[in-house]
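Two complexes, one shared chain (chain A), two partners (chain B, chain C).
Our next item is the complex of A and B:
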């Protein structure tokens, strides 16, 4: 297992190296530049040229890339062109918000998706099955921004029971330990802050969960239907094992393997979904910051954030593979 | 094994769905529209988080919205208007040649940290700005200083202009004299820019050694610009906290403020970049006001009892003719024909919010220098057709650029405006080829002269005609692609004339000349709106978007 983990971690080096080259090529091809986004519309050509020079953007791409690699080697991802703060600092400031939102969305998707998929499979052809399959198709097809708009109109504007924006109500005082509002609130006993944060997570969480929920429902349903037809399930039933034992140990345990894999992949995809969701809900995470960085051509933020997200994606998939081996002894044996 | 399933989950799901539907159908908003506790924070949503606590270092409008509540400038614009009035200086005068500006400061003005305002404090600010070095000299970190006062005591790059600032002296405790190398009409307006907010002597002492660290392309702003506790101004609010996690800046009322105390105890500025999200947050009661209201949202918000005051116009939208990008546009008759082809009143009536007006020249009529005698180009498609035929351009084809991803205060709906103009041009036989760009690509394309026809505009920084027409027509400009050395020289001469009367007359004459040669077609001036909850007494809205939120309060 250790060799497996080390091998996967070593794969990070060429992955990130290739990605960084792609990013540099992509950024060079992006039209416009920070000198147009950062200075007012009436800035002179000289002022824009001076800004490019002061940002080092007048150097050849290779020189810029080598300077970037030199900084990376020192653990420095550069400085945001718009805020003047270190990219790592900006990431660490915003990352907890995205983690909280993504975990909420994934919890909603998993806790609702697996039982729904399972029930749909159990009652194949029933109203529930048709609703689950149709609903999941709708979930995949509905654009997140549209769902977000509807959710806000109903629950924030009409019913007034949930906030439409932000991570906490303005003026909320809290003790910041890790940046994770809910976790910090639980640790310090500030339950009003926890409740406030959960209310703010509800709508963006549901909006962001819509696609993974739909995928998990369909995946679970298909997987369960496949497994119940297997010989070992028939054998387990024939042996007279208790129905719940068959369901949990033989059906669900095997049916969950592809679902767990998809959860890993979907967790990575949540970060891209968060870009839109965070913007729509003014949720101050890395997604909304990347969106703004794209608008302002903040190259260091775009490069740094995407590399950090890619690193996390690799780690998440590593965790998925480890959990896979725990669920399936055959993988361990290999 | 699946035969005996429980119906409980299905029933629960159905019940939940039914409850949601019933609740939604019967829902009335539970938003609190009533009066508010005086201590409740006033929450205002802006389009972006602020960039720095030191306004000198930025050209960002959202940062200036914050800084105008915390720092004050020597001169200001009148509340709700564009006239220059006293700020920290009660009175001021200029020398005959316009190079010496004497400011008589208010008595008894305190900074938030207890320091007293005097001429030494004012000069310490100007001397600091003039002597900045290193990363501070990047145009990203000193844009307005370079635009108004030129360069620094020791310029570190050839691209930085020569300094116009000469000295600041304090002959008396409350008298500061600022000397510049030659008169320019950017003064006195330049002294009112938010970037030149005066900080306390203690602040200046604390930040004296604060460097913008890092090498080129990797500058990090010093800590005092990112964390509340160091900077102190004289404004009606103090900075309590800048919470980067929440993209929120909390301001507290300054009880020792020299003027009327702020109406709110606490004001919180929060960033909501998305236009629709800002409106929904106001409707949901999450915020109490926001700026950059979409014209289409003005009526629905007003009908729902929200307050949507509209600012006086202080901007201009124009359609530029780039004469080098299409040789047909170098012909004055063609440019005039296109001007007659466009029904600008239709744009104002159908697209702009109430209060919008057709522009007859390249700056709004609120500025001195506006001329009633410019050549106007009335909508006359028949005349346009005749003129195009006379010029031999009956089959003219023109590329027309417009941006896709932005709205600007002067250009609330670029696509809609393009559609109206394109249909008018096609009605007189011009074939229009639309070219669209995202904003960050649009500006370089139009700046470099690649678009023959395009839409652009400007919102003024201060009350001077040069801030509009001087920006475009004081020299060769690839945005328009024409040379008229006489016009350029006359513009510079007017700007350098310290005699107000003569300068205004010169600007009027220049406006007439510009509309004769018609380098572009001024289209409209559009009034931007700002929205407030029903329980707020809004501040006077400013045509320069410089609202003083100390004037606002709970009802």
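Our next item is the complex of A and C:
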């Protein structure tokens, strides 16, 4: 098991190496640059060239990339061009918000998706099944920012029952322990803060959950349909076990294995969805910051954040694979 | 045989899939047999003849929708008798595992891959015998030991993929016998196993039947298994019994051309090297509907126009009109029945231990008829 983990962590090196090269090439290709975003419109061409020089952007790409690698080796991801703070610092202040949002979205997707998928499979061809399959198709097809926007207009602006922006209502006082508002509130006993934060999480959480929810419903449904036809489910029924025992121990235990894997893969979709969702709801996480950094061509922030997200992604999938091996003894043996 | 009331009396069992006029498939079409304590009854036939569907119907394991089950299957249960085909799902769940158990064909796929063997044994003890914790674990270990699994305590903690094929089937048998069921159904229990293991598993089943007085319904296409294990044999074709007899008369004087064909298609060790096998020609897809005549007729070397005039009845051997019964078939006539208007004559098949190819038997028959 330890060797497996070490091997997976070593895979991070080529992954991040390749990704950083791609990022450098892409960012070079992007039209414009920080000299346009940072300087006023009436700045002269000389001033713009001077800024590029001072940022080292006039050097050849190879030189820039090597300098970047040198800094990374020292644990330095550079400084944001717009805020002047270290990229790692910017990341750490914003990351808890995104974690909270992503976890909320994944919880919604899992708690709604698995039962829905199960019911759709067991009542195959019923209205519920057709609705679940059709709805999940719609969920996959609907762009996240569009859904986010619709939710915002309907629930926040027309009905006015849910807040439309930020993590908390303005002026809310809270004790900050970890940056995770809900968790901190539960630990300190500030339940009004918890409730306030949950209300703010509702709309972006649902918007962000749409794609994972749709995928989980479909995966669960397909998986359950496959497993109920397996011989061992027939054996369980032949043993006269209670319906619930058959359902949980024999059907779901097996049917959820592929769903667990998909949850790991979906975190990727979650992070990319977070960029759009956070922008729509002015949610102060890494997603909205990446969006702004793209607008201002804040190269250090873009490369730094994206590499950190990729690292997270690899770690989450490592965790998923470890949990998978705990769930499936056949994988453990290898 | 018929001295006591049978443990399970299956009468005119029929299973129809689909159900809209011509789309429907009659998988089982009026099959009757009885199971008695301490006896092994065989259901024999090639794939698609309805033998597995029969067993699933008895166990109540057919899908809920799209299936019509007819006939009756009266079983002696604690406190009276019950028709298995009419019981509620809940009642059936109570009976399954405790009064009747089933052993399936493929031991690997029949075991849950992510649940330890021990759990899969104890769950049935818990369900039907209310055993929990260490008592259940102890009983499970004893059961594994009883079916010949060495080092049972260790095996209980292992998963199906860690066991050999033979051990998996033994584990399934342990689950089947866990609550001492009175009726056991084995659906091709040795098909997925290699020959030496097959023999061991059959021996184990035989001992269980002898020691416990269980009634065993053995479903197989393997006539070797039938010869070694079954007391009474039902040969099924296209959902109907075509020949029924106790073991000895069936092997000595098979009368239905299908049975003769099955016996003739067994490869023989003493056959000359390179001699081709003698299969029954065609496949089960070449049937005609029983309502039009004998379903086997298109594949039969004996058929005459008479075979196509409505469904043949199940009659005692030697009783059918127009058949000069051979000398050997009179004694067992009451127990030996077949569904054939043009059977293979006893005299032709007296030496079943060295059969000619069915084709040769057929030519002979035609020359005489």
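Convention: the second predicted complex is superposed on the first by the 334 of 334 C-alpha atoms of A that agree within 3 Å, B and C clash if a C-alpha of one lies under 4 Å from a C-alpha of the other, contacts with A are read in each partner's own complex, and residues count from 1 in each chain.
Going forward, contacts are C-beta pairs under 8 Å (C-beta built on N, C-alpha and C of every residue); 3 or more make two chains touch, one makes a residue touch a chain.
Small disclaimer: the values here were computed from a predicted structure and weren't measured.
Peer 1: Superposed on chain A, are chain B and chain C clashing or fitting side by side?
Peer 2: fit
Peer 1: Determine, under the contact definition given at the top, whether A:54 touches first (chain B), second (chain C), both, or neither.
Peer 2: first
Peer 1: Thinking of the overlay built on chain A, is A:38 touched by chain B (first), by chain C (second), by both, or by neither?
Peer 2: It touches chain B, and chain C stays clear.
Peer 1: So, does A:250 touch the first partner chain B, the second partner chain C, both, or neither?
Peer 2: So A:250 only meets chain C here.
Peer 1: Classify the contacts of A:235 with the two partner chains as first (chain B alone), second (chain C alone), both, or neither.
Peer 2: In the superposition, A:235 touches chain C alone.
Peer 1: Quick one: classify A:12 as touching chain B (first), chain C (second), both or neither.
Peer 2: The answer is neither, since A:12 touches no partner chain.
Peer 1: Of chain B and chain C, which one touches more of chain A's residues?
Peer 2: B
Peer 1: Let me test your reading of the model: by the given contact rule, A:199 touches which partner, first (chain B), second (chain C), both or neither?
Peer 2: Once the two structures are laid over each other on A, A:199 reaches no partner at all.
Peer 1: For A:292, is the partner it touches chain B (first), chain C (second), both, or none of the two (neither)?
Peer 2: Only chain B; A:292 stays clear of chain C.
Peer 1: Taking the superposition as given, does A:164 touch the first partner, chain B, the second, chain C, both, or neither?
Peer 2: In the superposition, A:164 touches chain B alone.
Peer 1: Between chain B and chain C, what is the shortest CA distance in the superposition, whole Å?
Peer 2: After superposing on chain A, chain B and chain C come no closer than 6 Å at C-alpha.
Peer 1: So which positions on chain A get touched by both chain B and chain C?
Peer 2: Of chain A, residues 237, 243 contact chain B in one complex and chain C in the other.
Peer 1: What residues on chain B touch chain A, complex-wise?
Peer 2: It comes out as residues 1-2, 5, 9-10, 13, 23-24, 27-31, 41, 43, 45, 48-49, 51-52, 57, 59, 135, 137-141, 143, 146-147, 157, 159-161, 212, 214-221, 225-226, 244-248, 250, 266, 268, 270-274, 276-277, 280-281, 283-287, 437-445, 447, 456, 458, 471, 478.
Peer 1: Can you list the residues on chain A that touch chain B in the complex?
Peer 2: So the residues of chain A in touch with chain B come to 30-33, 36-43, 45-51, 53-57, 64, 67, 71, 76, 78-79, 81-86, 93-94, 96-97, 115, 119, 121-124, 126-128, 131, 149, 152-154, 156-161, 163-171, 176, 179, 228, 237, 243, 246-247, 279-282, 284, 288, 291-292, 295-297, 300.
Peer 1: Using the touch definition up top, name the residues of chain A that touch chain C in the complex.
Peer 2: By the definition above, chain A touches chain C via 230-232, 234-243, 245, 249-250, 253-254, 257, 327-330, 333.
Peer 1: Going by the contact rule set out above, which residues of chain C touch chain A in the complex?
Peer 2: 59, 61, 92-98, 101-102, 104, 106, 109-116, 119, 123-124, 127-128, 159, 161-162, 172, 175
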